[in-house]
Structures are given as C-alpha cells and as structure tokens.
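Common to both upcoming complexes is chain A, partnered first by chain B, then by chain C.
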Partner chain A sequence: MGETIYWPSFFFLLCATLACAFAVAVLLATNIVRMAFYLVLSLSATAGLFFLAGADFVGAMQLMIYVGGTLVLLIFGVMLTSQERFVEMKTWSGDWVFAFLIGGMLLMILIPAAFSVPQWGGLKLADSESMVVQDTATPLGMGLLGARVDQLVEPPDRQEHSGPLQPGYLLLFEISSVHLLVVLVGAAYLARAKHKKS
Partner chain B sequence: MAIFLSNYMWSWLAYTIAALVHVVLILNLVAISALVFIWLERKISGRIQDRLGPTRVGGKFGWLQTLADGLKLLTKEDLRPEGADGMLFRLAPYVSFAASMASYIAIPFAGGAYLLGAAPWAAQHINVGVFFVLAVLGLEVFGTILAGYSSASKWSLFGAMREAAQVVSYEVPLGMCVIPAVLIAGSMDLSLLGDRQAGLFTNWLIFHDPFTFIAFWVYFTCATASVNRAPFDLAEAESELVAGFHTEYSGLRWSFFFMAEYGSMLSVSLLASILFLGAWHGPLPIADWLGLTAEHGRIAMNAGKLLGLVNLLLKAVVGVSVMIWVRWTLPRLRIDQVITTCLKYCTPLAAVMLLGATVWQYQFPGRNFFGLTNVPQAVFSLSEGPPQAAKSGNPVTKGAPVAKVEKSKMGEGA
Partner chain C sequence: MILLFANLLTEPVGVAHYVTVGAILFTCGLLCMATKRNALGVLMGIELVLNGANLNLIAFGSPYLRNDAYSLGLDGQLMALFVIVLAAAEAAVALAIVLNFYNNHDSIDVDRADQLQG
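Presenting the complex of A and B:
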C-alpha cells in the first residue's frame, strides 16, 4: 500500500553519510582524543554498511578489529605517548595542499574504477528478491581452506575426478600470523624495562 | 512482522513500527532489569552483611527503592568540571549505554530456530551472533575511557586506564572459552547453539565433556572481569580512586553508567546461558511433554517459546545473582593481581580447555554428557543451515535484499 521507501537505500545513504561526515570531522578536529572518537564513529558506520550488505561476519570483524583496534591505539599509542605539543594538533596549509593533491588523485582513480564494473550497475529489486541469503562465515572459512563453495560450477560427477583441492590460503595465513607473533615478541623484548645491576 | 503489518497500512509505517517494537522491547528489558538488579544487589548485600537492606519504599521488601533512587538522581545538579572536555564528557555515558544495549540486538530470547518454520525471538537474527556480541561488548569500555579522559581528573584517568588494560586483557580468554561451544555446535549462530542443547539437561554444553565444564567457569570469571564487577572492579576502586572513572559524574549521566553496567552483566549472563546452560531449554523438556511444539499449531509453539523465554531469563538472573554474591563476598584484587589472573591463569587454562575440547570432540564424536549419552538425532539436522521454511516466518531483515544482490553478482562473476 502506498509508495514504498526502499529501506536498504535509505540506510545505505545514512551510514555512508555518517561515515564520510565523521571522516571529515577527523580531519578538522584538533584534539587528538576527539579525532580518535570521530574515527571510531566513522569506522562503526562502515561496519553498519557491511551489516547492511548482509556480510555479518565482515561487519563484526570491522567492529572487533578496526573499532576495537582504534581503542587500543588511542590508549597506548596516543594517550600514553603524546606529549604536550602533540595533544592539540594544527594542520598547516602546506599539508592541506599536499593531502588534497594525493587524496584527489586516489579519488580520480577509484571513482572510474568503481563505475566501470558492469555488475555493480543498477540491479532491479525483482532480481534481488529471488536470491537466498546464505551463511557468510562458512564460505569465507571454506575459501581459506581452499574449497571455494561459492564457485562450484562443475556438475557433481566431475568433482570426483578433479583430484585434491586447491591449497587455499591457510598456509600463507599461518606463516604471516607466526611472523607477526615473532615481531610482537621481538618488540616486547626490545621495549622491556631494563633493570640496572645494583 | 513488517510484511504482516504492510497488508494493513503504508509500508514505511509498517517497517518503522516493526523496528520500533524491537527497540522498545530491548530498551525496556535493559532498563527494567537494571531496576530489579539494583534492588536485588542492595537486598543481597544487606543480607550478606547481616543487615536488612531497603525495607520501606513500596510496601514490602522495599521493592520500589530503585525508583525512588531514580527520582532522586533526576533532581541532582548536572555538574561538569571546569577543565573538562565538554562534548566528550557529555557523550561518554551514552556511548557506554549504547554499546551495552547493542549486544541485545543479536541475542535470541527463545529458539526453535529453523525447526518447522519457526523463527528465533531475536531483534535481528545474525548468523555470526556470538562473534557480534563479543565484538560489541568490547566496545563498552570506550565510554569509560572517554569519561576518564574528559573528566580532567587524575582519579578518573587512572580508573579509565586500569579498565582499558583489564578489558583488553580479558577479551582474550573470554573469546577462547567461547570457541569450544562454537566448535561443538558447529555454528556461530546463537539460535542454533541454543537448539543444539535441546532435551534433557544432559545435552547442555557445560556437561558435554570435562573441558567445557571448566571452560564455563573460566568464561564466567572472565565475563565478571570484562564487565568490571568486583572482585575485578579496579576502575572504580572507591578506597583508592574515589570512584574511578565516574568520579566527576552526577545525576542522570552517572546512572547511565550504571544502567550500562547492569545491562552488560545481564548480556554476558545471557550469553553464558545460551552457550553452556541449555539456552531456552529447561533441565527437563517440559514444553515437549506438554505438547507446546510447532507440530501442535502456532499458539502451542508460541506458548512453548514463552516458556523458553522464562527459562532463559531465569538462568540469566541466576548468573547475575552469582555475580552480586561474589561481589559482596570476595575482597578486591590489586591491579597486578588482576592482570596476573588473566595472563597467567585464565588464558593458559582457556587455551588448554580449547585444545582438550577439540581432542575430545575428535575422540568421541556425537557423544554428550561427558561421553555417556548419544547426541539426539534431531540435532544433526540443525547444522544443515536455514531451510526454505526459515524465510517465511522471519521478518524480512533490512539488509536482506542488498545481500541477495551481492550473491547474484558473485554468481555472474564466476
């Protein structure tokens, strides 16, 4: 009955506007804690976009890693280390010009790229209604193990002859995580308080 | 519900009302439970300390005491320290409260997930619910840190720093204790996790094997610490820090911090009940014996769900009561002891429990109750994912059409 508001579009625009507005606020703020606060809001709005796209897992990841990570950054990176002169930060006009130049160039590359993908064009609502929402975390995890459940195009009888699965990203993932762990341990070792012999 | 309503009115109104119903229900659950828990806390602490607690307001047992307190708080002057960062100081309580309330969006209050077309009673059914709740619960500390920083008071800043260090540390074992339950159920979907434990209490995941039994207690300890309750309430240690991060707050803003605290206490207890204590299934399957299942029609099914809701809330209230009991029994730890408890005891314990539960599941697949009983057959059909029936009962989520677009794109790309 009556006219229909297309709610996903409405919430998409709301979240996108919030994300952009708070991103600008990060730039314009001078107090470093306020900057972090705006950054958290901007990242949360981005998480909202992910939830809107049905990517619950990525959205929760965004909340946990980026929003939670900003929190840790704020505490340990900013509040404990920043001295008087870094708490209030002023941006010089030279910085503005430089930032606009680089940011504008990136934007000029990104916008044509985004519009050049034909599948990202306007899809009819009727097309989207017929599809089924699936688990988002399961294909991600299976893809990490090498089984691309989203790309099963061959008929089932061919799968028996296709041999072992593709290696996937699990080994690479493990190598990089062990590498990060070693870096963390090294950083903690270097930064530990050194006791003087007395 | 939105679709049902849109037959009778404009669809924008229908969607708004459907959303508002969820919001109002959750808001009232948090607010009223805080009302009850504050009274309960005063009563229990009184009894533990051989006092009576509140007795006068509202006739018997002083059950309206919290309402009187609330009225008193409303009339207090809204103070702000001179050196404070005004905007952040005003916003901090709301950040805390919003984060605490947001976790309720994903918590299902009664299940029957996907069974015969029944949708779980959740504001928004998220298929990685456990992960979402954990992620959001970790954000509550942000309000505390903002409050501590913006108050321009050293006591507040000390409290906030302690809280930050504590919550960041305790998130690790907390997450690790949740994983065994997720592994056994094979899903991060809270409603599936709950229905995995249907039937007798022997199917509860706390009794699945010795490792999950210990993991539950580690979870409860870490949950107590992560919601900043005694004996881990270092952020507001009144003997050394005046009142910690909310030293400078008064009136309604101060009470928002308390609503947030009681809200998160309830939500971690709800999560514990869903993960380990059989969720909305009682110790005995009384709803099944009475015939309150989906086979006997809609009314019977919803009556069964109502029973499940009562079950879940009862378990959660018991969990909160245990937290209150612990608070008034144990002395407060020192900050180094708090961190030691986390890093030297809880984290290794949680890791061993995770390993043990994995090996147990590998050795005795399909066994429940310390390997003594078999997993009921009905459970195996649960992990198949949402069948067609789930779509008809579930109110269409706002994000769903866009999600479908994503899928169709992937299909075209492949």
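Presenting the complex of A and C:
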C-alpha cells in the first residue's frame, strides 16, 4: 500500500505547484503583459484546486467569472494603457529586498502555523476512499435562495436556540446583486470617454 | 513537518496543504501590491490575495479534506462565491479609476498619483 500513488494527491501537487509557480512569476515579471498571462495560468490552476477539494460549482465559477471575466477586463486595461514606457516598469532594488524580507517572514509564520494543527493533516486513506462524491450546485443554489438543504438536521448543541434553522444567504445574494448593479453603473460612468474642447 | 511532506503522494492531502498554497498565493499578491509601480500590477496583486483567501475558504469547507463537526461545510463555498462576485465588481471599478487616472495624467505609475499630497 505504501508505494501506490494516491492520484488526487498527485493532482493536488501538480495544481498547487502550478498555482504557486505562476503566482511567483506574476510577482517577479516586469512585463505587464506577461504578468497578466501568468495570472491567468495561476488562477486556472487554483480552479483545479477547487475541483480537487470537491467544490465543482465554485471551480466552474472561478473559471467563468475570474478567468473569463475579470482577467479579460484586466487584459483590456493592459491593452488600453500599454504605451511603450509602461510595458516594462522596474521595481527599485531596495523595494525587492524589503519585500522578500517581509514576505519570507510572513511565510515563516503562516506555513508552520498551518502544519501545527493536527486536525488539518488530512483524512485517513481508507476514509478518503470510502467517501461518496456529491455535486454541490443544487445545495449552493438552494442556500442562495434561503433554504439550507445541507443542514436540515439541527446540530445538538444548538437545540436550545429555538430560532429558525440556518437562515441561508438570500439577503446577501440580493445585496450583492444590487451592489453589482451600482458598481457597474458607477464604473461605466467613471470610465466614460471625455470629449476634449479643442 | 518533514513527516507531512514525506508521504505526500501516497496519503490524502489535508486542510494544511491547501492553507499553505493559500498562504503562498496571499504572500505573492501582497508583495505584488507593495512592489509594482504599474497600477494594473497592483490590481493583479489584489486578485492573487483574493484567490488565496478563496482557497482557504474552500479548504475549510471541504468534506474531502476534513470531515468532522468543525468543518465550514457549504458556508465556505458560498462565501467563496461571494468573494468571486465582489472581486469582479472591484476589478471593474478599479479599472475604471485606473483608466481615468491614465486619461488625466498620461501615466499609470502609482508613484505619480501624488496630487493630494500636502
């Protein structure tokens, strides 16, 4: 058993390496067009990580909204502003030293903290192989509509609160849709073409 | 910590591995925001930071990484969805501001944005 490769872990390693490597590439690249391209690859690898964690709907949304929408927007921004002198903008070398110092210290705190919790180490191999994969699109949609089909049974330590069950996310859903409308109208107003009087 | 990395290929990964990837994405994004002089580079750093946070939310909610009573469950995925939507809105507004700045100042160097300086 010890020598067989557990394939989900292999694909996790693949996607994680790609995501981290391209994130570092975004940081180190000086050409803005290359940074945008590396960011596309990093976010796509992150979508692969979402799929591997069982979040199929969120992974698909990551690919559609982030990679397909937000990054296309960013690339349009790059194209609209890419004059010759802005394509390559070097960072001062003193900034790099400070940045790597601070980033290294942050990672030295965060990564040991992540591995110091024993419950976060992962499932046993047998438990993991006996799990049934279920898709999440329907529970997510019902949760956004206010009905939590994944939590129909109230946990025992909440029995004394006689209020409603988990309330769901209908209000947040409405707020974010109105927020999107306001933001897009505002963005269109901000970015409108100015007619110069000349 | 060495033990956790030793059987990475033969054992299922856990929340800790996902959180590590999230931490690396977060740090890269943070340094991107701090060091880039191009305003669009700063925006890309923000996207990386949000993705690191999203990865953490997904990991804490996933039953395949940690299957006990303290898992976030579906809440993690719902919050990640909201983060994705709000990131799209944020990118649209920030891009509009950057384009406006570019039109007014003929530059996207964030160091040039010092009009409000006293």
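Assume the second predicted complex is superposed on the first by the 140 of 198 C-alpha atoms of A that agree within 3 Å, B and C clash if a C-alpha of one lies under 4 Å from a C-alpha of the other, contacts with A are read in each partner's own complex, and residues count from 1 in each chain.
Everything that follows uses one rule, which is that a residue touches a chain if its C-beta (ideal position, glycine included) is under 8 Å from a C-beta of that chain, and two chains touch if they have at least 3 such contacts.
The structure displayed is predicted, hence computed values, not measured ones.
A.B. asks: Regarding the shared-chain residue A:Val72, is it in contact with chain B (first), chain C (second), both, or neither?
C.D. replies: It touches chain B, and chain C stays clear.
A.B. asks: In the overlaid three-chain picture, which partner chain does A:Val26 touch, first (chain B) or second (chain C), both, or neither?
C.D. replies: second
A.B. asks: Mind working out whether A:Ala60 is in touch with chain B, chain C, both or neither, as first, second, both or neither?
C.D. replies: After superposition on chain A, A:Ala60 lies in contact with chain B alone.
A.B. asks: Would you check which partner chain A:Pro112 touches, where first means chain B only, second means chain C only, and both and neither mean what they say?
C.D. replies: second
A.B. asks: Is A:Val183 touching the first partner chain B, the second partner chain C, both, or neither of them?
C.D. replies: It touches chain C, and chain B stays clear.
A.B. asks: Would you sort A:Trp96 into first (chain B), second (chain C), both or neither based on which partner it touches?
C.D. replies: Second partner only.
A.B. asks: Going by the contact rule stated at the top, is it chain B or chain C that touches a larger number of residues on chain A?
C.D. replies: Between chain B and chain C, the winner on chain A residue contacts is C.
A.B. asks: For A:Val40, using the defined touch cut-off, is the partner it touches chain B, chain C, both, or neither? Pick first, second, both or neither.
C.D. replies: first
A.B. asks: What part of chain A is shared between its chain B contacts and its chain C contacts?
C.D. replies: Correct list for chain A: 1-5, 8, 12, 53-55, 57, 61, 71, 74, 119-120, 123, 125, 127-128, 131, 136, 150-151.
A.B. asks: Quick check on the complex: what are the chain B residues that touch chain A?
C.D. replies: Against chain A, chain B makes touches at 6-12, 15, 85, 87-88, 91, 126-128, 131-132, 134-136, 138-139, 141-142, 145-146, 149-150, 161, 164, 168, 188, 385-386, 391, 398-410, 412-414.
A.B. asks: Which stretch or stretches of chain A touch chain C in the complex?
C.D. replies: 1-6, 8-10, 12-13, 16, 19-20, 23-24, 26-27, 32, 35-36, 39, 42-43, 46, 49-50, 53-55, 57-58, 61-62, 65-66, 69-71, 73-74, 76-78, 80-81, 86, 89-91, 95-96, 99-100, 102-103, 106-107, 110-112, 114-115, 117, 119-125, 127-128, 131, 136, 139-140, 143-144, 148, 150-151, 155, 169, 172, 176, 179-180, 183-184, 186-188, 190-191, 194
A.B. asks: Per the contact definition, I'd like the list of chain A residues that touch chain B in the complex.
C.D. replies: 1-5, 7-8, 11-12, 31, 33-34, 37, 40, 51-57, 59-61, 63-64, 67-68, 71-72, 74-75, 79, 119-120, 123, 125, 127-138, 150-151, 153
A.B. asks: Of all residues in chain C, which touch chain A in the complex?
C.D. replies: Result: residues 1, 4, 7-21, 23-32, 34-38, 40-41, 43-45, 47-48, 51, 54-55, 58-59, 61-70, 73-74, 77-78, 80-82, 84-93, 95-100, 102-103, 107-109 of chain C touch chain A.
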